[in-house]
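Here chain A shows up in two complexes: once beside chain B, once beside chain C.
Entry: the complex of A and B
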C-alpha cells in the first residue's frame, strides 16, 4: 500500500485538487447558476499563491486562505456584474472571464512569469494538510446537501419564483454561489501550485473548463459524491488507458460521450436511481385518503422522507 | 370555539356562516390604486381593495382580467407600476419577494409548482422552512409537528413519502395548499386551488378553507367555479380588463348585470344566488 501510495503520490495530489476544482463548478450548478468561473478562479488562486510564497515567503495555510479569499472577492464582483445573465449566456460570460484570466497571465510580466510561468514555489504544505483541507471542504459541502439548506438550494435551482415565495432571498443565494465558487477555485489553484511548486499557462487554459465540466457530468452534478467520483475517474483514467497506446485520447473521448448520452445524472445519479427503485419496490402503493374516508392518525415519517434523487 | 393563537397573535374565531359575517371587520390587506403595466398592456390598472381580517374574499373574472397578475403583485413577484400595499398595518410595496412570507402572506400557484425530486413531506417542509428561526422546531427524528399536522389536515399523511409525480393532479394541489398552510400565514392567497380536482375533492378543499377561516386565517381565493365561490366566500370582487367591476356580497356580485355581461353570461343563475 505504501509503495503504491509513494509511486502514485502525484496522482493522489492531483485527485484532491481536481475534487476542489470540480466542486467550484458544481456548487453554483446546484443553485442553477451555470457558471464556469471556477476555472478562472483556479488560475487566480494559482498565481496569487505563487506570488505570496515567492515574494512574501508566506506559509501554506495563510497562502491558501488569502488565495481563496482573493478569488472569492473577484467572484463576488463578477457575480454582481453578470448576475442577471442565465443559462448559456451566463456560461459564455464566465468562459470569457476564464479566458481573460489566461490573457492576464500571459501578459502579466514578472507577476505571472508570462509564457514561462513561475517556478520554485515551495511552502510548508504537507499531505496531511492537503488531505485535511479537502475533507473539511467536503464536510462543509455535505452540510449544504441535507435538511433545510438543501431544500432551499434545490428550490432556488428548480424554481426561483417559488423559492422567493418560500422566503428565500434568491439573489443572495446566487451571489453566494459566485463567492463560494471563487473560493473553492482559488483554493484548488493554490494547492495545485503548492503541490507542483510551479504555475504556468496550462493552469489557466480552456482545457481545464472541459476537464472540470466532464468531471461533474460523468460523476454526478448534484452531490459532492459525484465530484469525488468524477475527479478520481478522470485523474486516474489516463494512466489506466496507457495500455491502449495512441488510442488513449479516442477512448477517453468515447467514455465522456457515452456517459453524457447514457448517464445524464452521472454515475452517482445512476446509483441513486437504482437505490430509489429498490426502495419503491418494497414500499406500499401510494394511495391518498379519499375525502369520504375517516381521518387517519398521523404516521411517523422516517428521516429519509426528504431524500432527493440525485 | 376557542380563539386559536397564531404567530400573528390571537385571533377571534371566525363566522360559522360564510355569507352573514364577512371577517372581523378590520383589514388584513389594503390595496390602493395598484397598477401593473407591461409596456402598453395594462394587466392591472388602478385596483383598490380591502380584505377583511379572518374572512374569505374571492375574485372572479374572465381569463386575462388580471387576477393572477394581482396575486403576483401582492407577493411582489412582479414589478408594480404604481400603488400601495399594506398588510397588517405594514406597507410592503417596495420589499423584495423573499420578505413577503415574513409579513405573513403565503400563496399557492395557478399551476402546480412542486419539486419533483423531493417527497411530499419535504415539499410541505419548504413552507415550514420559511418560518423564522425562533418559530422552527426541528425534531431529531421525523417531521416537525406543524408539518405532520398540515399533512394530516390535507389528507396527505399516507403519501408523505411519495413523490409528486406519483400523485394525481388534485392531490398535488393539496400538497401546495399544505405547503402554504404550514407557513402559518395571516393571509393565504389561493390561485385556482381546485383546478383539476373532481367534485368530491372540491368539496373537501372548500370545507378546509372554511375550517381555516374558523381558525382566523384570512384568505383570498381566485376561482372560476362560481358556485364554489358563492358557497365559500364572504366577500367577492369581480374584475375585467385589469379593473375592478364591482364588489360586495357574493350573491349580489354574481347578480350584477355588468358581471354577467363580462364574465358569467346574461341570465346566469346559481342555487346560492337564488337564496
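Entry: the complex of A and C
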C-alpha cells in the first residue's frame, strides 16, 4: 500500500487538485450559475502563489489563504459585473475571462515569466496539509448539500423566480457562487503550483475548462461526490489504460459526448437512481390483501376491502 | 491603406465563420462549440486529400464546403438532436448542447493533431500560387479578393433568404418560439438539419480560404476563432445578419489597430474585451432585439 502510494504520489496530488478545480466549476453550477470562471481563478491562484513564495518567501498556509482570497476578490468583481447574464452568455463571458487571464499571463513580464512561466516555487506544503485542505473543503461543501441550505440552493437553481418569491435573496446567492468559485479555483491553482513547484501557460488554457467540465459532467454535477468520482477517474484513467496513450484526447472527447447525451446526472446520478430502484424492489410491496389475511395494517388496505372487512 | 486590405480580408474570414454560428444560434437555438473544429477539419481534409491526389483550388473549396456540411449535419443528427430529445427542459438542453459540442470538437481535433504531430499544415501541395496585384502601392492578393467576395456574397444571400423567403420566415419563427412554430406546421428537425449543413459548409469554406491566405494553420486554431466569432455575434446581436457583418469588421479593425499600435501579444485579448463590454453595456448587441420573456 505504502509502496503504491509512494510511486503514485504525483497522481494522488493531481487528483486532489483536480477535485478542487472541479468543485470551483460545480459549486456555481449547483446554484444555476453556468460560470466557468473557476479556471481563470485557478490561473490567478497559480501565478499569485508563485509570486508570493518566490518574492515574499511565504509559507504554504498563508500562501494558500492569500491566493484563494485574491482569486475570490477577483471573482466577486467579475460576479458584480456579469451576474445578471444567464445561460450561454454567462458561460461565454466567463470563458472570455479565463482566456483574458491567459493573455495577461503571457504578457505579464517578470511577474508571470511570459511564455516560459515561473520555476523553483518551493514551500513547506506537506501531503497531510494537502489532504487536510481538500477534506475540509469537501466537508464544507457537503454541509451545503444537506438540510435547509440545500433546499434553498436547489430552488435558486431550478426556479429563481420561485426562490425570490419565497424570500430567498437570489442575487446574494449568485454572487456567493462567484466568490466561492473564485476561492476554490484560486486554492486549486495555488496547490497545483506548490506541488509541482512550477507554473506556466498550460495552467490558464482553454484545455483546463474542458478538463474541469468533463470531470463534473461524467462524475455528476449536483454533488461533491460527483466531482470526486470524476477527478479520480480522469486523473487515473491514462495510467490505467496504457492503450489510450496518444489517443487520450479522442477518448476524452468521446466520453464527454456520451455523457452529455446519455448521462445527464453523471455516474453519481446513475448510482443514486440504481440504488433507489434496488430499494424499491426490496421494500415490502403495497398491495390490497384479502380481508381474512392476518396482520393487515389499516393504511395499506384499499378502501373497498376495508369496507368489506367490516 | 494596406491596413484596410488586412481588415477586409480578416473580417471576411470572421464573417464566413460567424455567419453559420450566428444563424444556428439565432434560429434553432444551437450554439455549436464544435464550429471551430469543423473549420479546421475541412482544411485538414483538403490537406490529406492533396497527399493522395493533385486537385485545383476551386475543387478543394467545394470539397471543404462538403466536408464542413457533412460534419455539421452529423453532429446535429448524432449529438444535438439526441441531447434535445432526452433533455428535460430547454435550459438543460442548452447547457448539455454546449458540453456535447465541446466534446464532439475534441474528436476531429485530436485526430488532426495526432496525424500532423501538432505541426501547422498548409495547402501548398495544390501548387496554387495566389496572384498579387499592386494598386497604388497597396498589395492585394487574389485569395483576399476571393475571401471578401465569398463572405459578402454569403452574407447577402443569407440575409435575403431569411428576410424575403417563406422558408426564411419559418426559420426565424423557430428562433422566436419553436413551440408556436411547430403548431404552425414548421418541421423543426428539417430546418435544423438544413441550417447546420449550411453553417458547416460556410465554416469549411472559411477554413480553406484562411489556410490559403496564411499559408498554414494549426489544429488548435479553431478554438481561438470560435471565441472571436462569439464576440462578433454578441457585438452585432444574435440573429441579425447585418449585425454579424458589422461585428466581424469591427473586430477585425480593432485587432489590426491593436496589432499596429502595441507591442506584445495583446491582440488576442481584443475579442474578450469586446465580449465583456457588449454584455455589460448593451447585452442584446448593436442590432439585436430585446428578448421578451414572461415569468
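The definition used in the following text is that the second predicted complex is superposed on the first by the 271 of 310 C-alpha atoms of A that agree within 3 Å, B and C clash if a C-alpha of one lies under 4 Å from a C-alpha of the other, contacts with A are read in each partner's own complex, and residues count from 1 in each chain.
Please note the rule applied: a contact is a pair of C-beta atoms (placed from the backbone, for glycine too) under 8 Å apart; a residue touches a chain by one contact, two chains touch by 3 or more.
Keep in mind that this is a model prediction, so the values were computed, not measured.
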| item | value |
| --- | --- |
| First, second, both or neither for A:100, with chain B first and chain C second | second |
| Which of chain B and chain C A:148 touches, first, second, both or neither | first |
| Contacts of A:5 with chain B and chain C, given as first, second, both or neither | neither |
| Chain B versus chain C as contact partner of A:122, first or second or both or neither | neither |
| Touched partner set for A:161, first chain B, second chain C, both or neither | both |
| First (chain B), second (chain C), both or neither touched by A:131 | neither |
| Those residues of chain A which chain B touches in one complex and chain C touches in the other | 161 |
| Footprint of chain A on chain C - complex, ascending | 31, 79, 82-83, 86-88, 91-92, 94-100, 102-107, 109-111, 113-114, 223, 227, 230-231, 234, 264-266, 268-269, 271-273, 275-276, 279-280, 283, 295 |
| Touching residues on chain B, where the partner in the complex is chain A | 75-77, 96-102, 106-107, 109, 113, 115-119, 121-122, 125-127, 129-130, 138, 141-143, 148-149, 151-152, 155-162, 166-168, 171, 174, 183, 200-201, 203-204 |
| Touch list for chain A against partner chain B, complex | 147-148, 151-152, 154-155, 158-159, 161-171, 283, 286-292, 295-310 |
| Chain A residues within the chain C interface of the complex | 34, 81-82, 85, 87-89, 91-93, 95-97, 99-100, 103-104, 106-107, 161, 206, 209-210, 213-214, 217, 246-247, 249-250, 252-257, 259-262, 264 |
